[in-house]
């Protein structure tokens, strides 16, 4: 099959939690058994996002604090007012970072750097179950 | 054909307008008739961007206001000075959000969440005709 | 081969330098000889990012200054404290902009706009050699 499809299910505490999902993405790539391919990961939902980063406690905290400074949880937000909701900050952060990331595969492996992981950022303000689709095109 | 190509043409009022283009992207995916695929949407031009979000009036306004706060229209910008132009803020916002988004297809359908739409953000300061390429690889 | 793989090697001065890599990406697309395809570019490492922009001196400077304002080099960063490092700002900027960009190919050519280039943003604070994988799926 030219596109191999995998699905990761994760549980997050949300509130800006950042999860390293590299092993899950790599497992789907392994199943695809394609030497040369493109792996695309996509998170379902509008309050979470995907990117890559060095997944270590300091960088995780810095990114969380920077996003809180740039797009604070508390504010006079129309989304919250109109929908009696509390997570407008999560929607804005997710739209800015984006839901998808694509990583080329060479020799059957993701071409990530040594200190570069695929991460899910869950910006919602309550624990969530998250679905990440991983499609490997070859 | 392993990659099915579609092209959406849109007219925007710009000025930060956000357009829901999900139906157009889904139509191209439908034409591809591929059960498992990856749909990649890409906006031509350097003053517009694509992402996903819950497309509702409150969230749209919040995102527009946040981007105006973070990357204001008015400023002492070199792009405007050197090119006798007025849209440096649009270029910066577009570069930050990015021109492309990739959405996996399962059972012939986009794997978007219920409250997750593919949107075009047009940051330019005059009405524009926009082209969005949608390629479905399967 | 359904996925044609290319690799660009670049030397950057870093410190926020922005490099136009369009010619390199286009060269890989040319080698692929695929009329309809999707080109995905990905930068290895967690202190650089890819996007598209109008590559001209004014816009480059504006974007560099905006990122310095939003995510300043100097700050009380946990990544720097815990790892005796100096580039937390580079990690945050790279995570926000993202490592990958996908550009559809039509008639064997990238569908970029006339004033839209694929760029590498190197946020690290020392000169680096960078690898950008370019995979063309057709």
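Chains: A, B and C, in written order; residue numbering restarts at 1 for each.
Rule of thumb we're sticking to: contacts are C-beta pairs under 8 Å (C-beta built on N, C-alpha and C of every residue); 3 or more make two chains touch, one makes a residue touch a chain.
Only a predicted model underlies this, so the values are computations on that prediction, with no experimental measurement involved.
Novice: For the sequence-identical pair subunit A and subunit C, what is the superposition rotation angle on Cα atoms, to the nearest 5 degrees?
Specialist: So the angle, rounded to a multiple of 5, is 120 degrees.
Novice: At the place where copies subunit B and subunit C touch, is the share of residue numbers found on both sides over half (same) or under half (different)?
Specialist: Subunit B vs subunit C: different; shared/all numbers falls short of half.
Novice: Averaged over CA atoms, how far is the centre of subunit B from the centre of subunit C? Could you give it in whole Å?
Specialist: From the centre of subunit B to the centre of subunit C is 19 Å.
Novice: So which bits of subunit A are touching at least two other chains?
Specialist: In subunit A, residues 2, 38, 70, 96, 98, 102, 137 touch at least two other chains, as defined above.
Novice: Hey, which residues of subunit B end up touching subunit A in the complex?
Specialist: So the residues of subunit B in touch with subunit A come to 2, 34, 36-38, 51-54, 56-59, 61-63, 66, 70, 96-98, 101-104, 106, 111-113, 115-116, 119, 137-138.
Novice: Of all residues in subunit C, which touch subunit A in the complex?
Specialist: Spelled out, the residues of subunit C in touch with subunit A are 1-3, 5, 38, 40, 42, 44-46, 70-71, 77-83, 88, 91-92, 94-96, 98-100, 102, 131, 133-135, 137.
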